[in-house]
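Naming follows writing order (A, B, C and D), and every chain is counted from residue 1.
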Amino acid sequence: MAYRFAYRASSEAALLRRVAAIEKSGFKVIGWADGDLGHGRAFRFEDPFGHLFEIYWETNRYRAPEEERPKLKNLAQRYHGQGASPCHLDHLNLLAADVAEFRRFMETCLGSRVTEMIQLDNGRLGGCWFTVNNKTYNLACTEEHGGGHGRFHHVTYATDTREDILRAADIFLENGVHIETGPHKYAIQGTFFLYVWEPAGNRVELANSGARLILAPDWEPVVWTETERKKGQAWGLKTIETFHTHGTPPVPQKGH
Amino acid sequence: MAYRFAYRASSEAALLRRVAAIEKSGFKVIGWADGDLGHGRAFRFEDPFGHLFEIYWETNRYRAPEEERPKLKNLAQRYHGQGASPCHLDHLNLLAADVAEFRRFMETCLGSRVTEMIQLDNGRLGGCWFTVNNKTYNLACTEEHGGGHGRFHHVTYATDTREDILRAADIFLENGVHIETGPHKYAIQGTFFLYVWEPAGNRVELANSGARLILAPDWEPVVWTETERKKGQAWGLKTIETFHTHGTPPVPQKGH
Amino acid sequence: MAYRFAYRASSEAALLRRVAAIEKSGFKVIGWADGDLGHGRAFRFEDPFGHLFEIYWETNRYRAPEEERPKLKNLAQRYHGQGASPCHLDHLNLLAADVAEFRRFMETCLGSRVTEMIQLDNGRLGGCWFTVNNKTYNLACTEEHGGGHGRFHHVTYATDTREDILRAADIFLENGVHIETGPHKYAIQGTFFLYVWEPAGNRVELANSGARLILAPDWEPVVWTETERKKGQAWGLKTIETFHTHGTPPVPQKGH
Amino acid sequence: MAYRFAYRASSEAALLRRVAAIEKSGFKVIGWADGDLGHGRAFRFEDPFGHLFEIYWETNRYRAPEEERPKLKNLAQRYHGQGASPCHLDHLNLLAADVAEFRRFMETCLGSRVTEMIQLDNGRLGGCWFTVNNKTYNLACTEEHGGGHGRFHHVTYATDTREDILRAADIFLENGVHIETGPHKYAIQGTFFLYVWEPAGNRVELANSGARLILAPDWEPVVWTETERKKGQAWGLKTIETFHTHGTPPVPQKGH
């Protein structure tokens, strides 16, 4: 397993409560690992589809070196205005053979809430969007159709404006980065998006949610039917075929 | 007291915990009031500067009438694209004779965290920005310099983009609404802002925070000195004089 | 012929020079017509593909009624900020069975310059973009593939910003207007675009060209090959099928 | 005279017509100069306020080196998305002791049209905006109040969007570049602007005009009164004091 996803607990006590919940959940537990770059000890566990998670509390807050100190002291570092200039990590999207089971994992182990989901006509969940704070989602899961295991669909960075994403599209174009789809606006969650593949093949999204937040503690998940999803994205863009098939790592082809 | 500010608790249990904290806080308690438009019973209390607060749990979720149902089911109602088209209520700003005491009120009664603040050379707090969730602030307090009591400085609506605010400036201009200052970007919190006075004299702000959120549970308040604040806003705009003196209701003039 | 396209000459003398050039061009001449709403007498002529053109000098400058007078005197009327709020008519796109012959018509009769064009592998022109001023184009022509005659492909309105177009997409969505394709950025001309069909079926485009102008009097047309065009638009969007087939008026179907 | 401003004629014949007009104008003529970087021979002349102009036809069109070739062949070079990323030179602003006389110079020697102007109560022109094409202005002149001669007020670069200017403000801030005023929108011409001083003291503006163009050949100049100008810019920003006094080169102080 070459990659893992780390959540930060809201306190040491919250971390220990989570660990207790995970240990009794029946999902696969790896156990405590020493700290790593940027954080202290972390508790590792795994979803039924081969993705490695960890949770930690102790963190090493980034301190910019002298030459990277921003002019405004409420920023972590200088703004350079180069490239897409995203503001922070927005969310991950993972592939799973059974989204309903993945949902049980997220609710049980991480206390995540579902904000939106796709209910397929065959009774299965096609996708599920989860949050642990006021963001509309921190992690999404979509159904694996390529026969892979433990696969990653994409990682997303948040930009301050939609214009940052339009600008980034020109930068990707000029630098020969494969633009898979977008810019456009999602029907689900209403996010303005752009997808590219970095040179190693991982899908990266830039996203802007405007001022949208989920502030209601009793938010009811928005459930989209298969019929509704067939209408395409908010302004009509159809989902591109590779979006259903491309994940990383690639699935070995038979006979190879 | 003609106006009041209502916070929603995150559950019925949380509401009761808050009420217990407020009752033993020593701050002025009004007590339970029946529900009002949009919410159920609410517990009322007052800060030492004459502002009436309330806290509640039961809410009546807005259901759009047939003709206002949006095409995207994750929205509360149709987007009309008229006027400034703000997305949600962003924050309030209240005036208080003693910001440090107001801070004690916010932390004790509402469990608010301070994300940024102004430390004046005379040892007093010039202003304080508070949050109870992942927004950078839900309420701000600045020092009352006009001799008023229980005064309101402004209410703010969040827009999805900075362009919404530039557009709104043209709409305010065309409709003869007094634009007090902006559009510009705050040094504190980095918010892109525009201030107008509605016809009755209340100050209204439009604001866009980009993707900025306070996600760290152990965020350390950013403390600005008086010298730093004298540099003006992020891009150099000086604070307009009325911003320090205009609040509502107006303070009666002596001899009148 | 239910519709016609009018160009304004740059002076009375320029109008008469144009009329002389048109009369000796061999293209079909209709002759002088009385003035119409907004302009004085106009000289009418026709391209070989059934589109009626006219050219005039005398114009009735719009004067806003009292209640529509703008706050800024350099504007023609108040800004309302409703709908897409386009700034001016941008260009037309016409269908023609022979784009090269249409080009000869535009250069001969209107003195238009070609700024960009598509050179197909079969030796024909697939499309041609014309200008008579510093705009990158005022009129475009693309090859008719639907067997129609005198057909119109689309009319375009210019917006001040790309954000106006993103906003308009939401407004079109909410009002049930068919969004055909976009928003995206053209490879040819680099225009940010959105296409919709108004209820009667005519295609309407919103476009933003940023600061792009053709200021060089000796601009060499940019020639795109068929291979280059197959790459799709600037950020990779493929041309939607209806874009090649839908024009107005519709072509009567055989047997109907 | 360390700097000069060059206009390109629309053809060799137009150049010679202009030279004849300048020679008989009575304004100061310098005569033909050999070509320089980017252009062929140029005819030099001077306004009565010490600014050196030239006009030329032959030009060396920029050809990007291999590594700077853009992905879209209608662009002059690659888009890097760094800094303010302006699209083209927009206009110059010069200071003159007598704006009306400067206007006579611009109309006589360059055939420029006035699109907007300020008529002061004392009968003088306070400022004048000139164009030779469809841009709203290519050159502006404002009254010199600092006792200087041949001074330059600012040079302006056009950006594709207003967002480019907001982004640039952050970049200027981070790099310690003095932001003089803005971003804001002008009442005159409606341009969205930002002014900074480059390290040597020259004022540089970034500007975005949206889709605004002057397409009418018989455009009547918009005349602003002194009273109207005292209202400040479009959204109320007052003109900063240095804007009236700072020009380059600086005026030597008496006794120094």
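Note that contacts are C-beta pairs under 8 Å (C-beta built on N, C-alpha and C of every residue); 3 or more make two chains touch, one makes a residue touch a chain.
From a predicted model like this one, the values you see are computed outputs, not experimental measurements.
Asker: Upon optimal superposition of chain B on chain C over Cα atoms, what rotation angle is obtained, reported to the nearest 5 degrees?
Answerer: 180
Asker: Comparing centres built from CA atoms, which chain ends up most distant from chain D?
Answerer: A
Asker: So, what's the distance in Å between the C-alpha centres of chain D and chain A?
Answerer: Centres of chain A and chain D (C-alpha means) sit 48 Å apart.
Asker: Just how far, in Å, is the C-alpha centre of chain D from the one of chain C?
Answerer: Roughly 31 Å, centre to centre.
Asker: Would you kindly tell me how far, in whole Å, the mean C-alpha position of chain C lies from that of chain A?
Answerer: Those two chain centres are 43 Å apart.
Asker: What positions in chain D touch 2 or more of the other chains?
Answerer: Counting only residues that touch two or more other chains, chain D contributes 72, 161-163, 170, 173, 234.
Asker: In the complex, go through chain C and note every residue touching chain A.
Answerer: 162-163, 166, 169-170, 172-173, 179-185, 192, 194, 234-236
Asker: Along chain D, where are the residues that touch chain C in the complex?
Answerer: Within the complex, chain D contacts chain C at residues 8, 10-11, 59, 61, 72-75, 86-88, 90, 116, 133-135, 158-163, 187-190, 208-213, 215-217, 222, 224, 228, 234.
Asker: Help me check something: in the complex, which residues belonging to chain D touch chain A?
Answerer: For this pair, the touching residues of chain D are 70-72, 78-83, 85, 161, 163-164, 167-168, 170-171, 173-174, 176.
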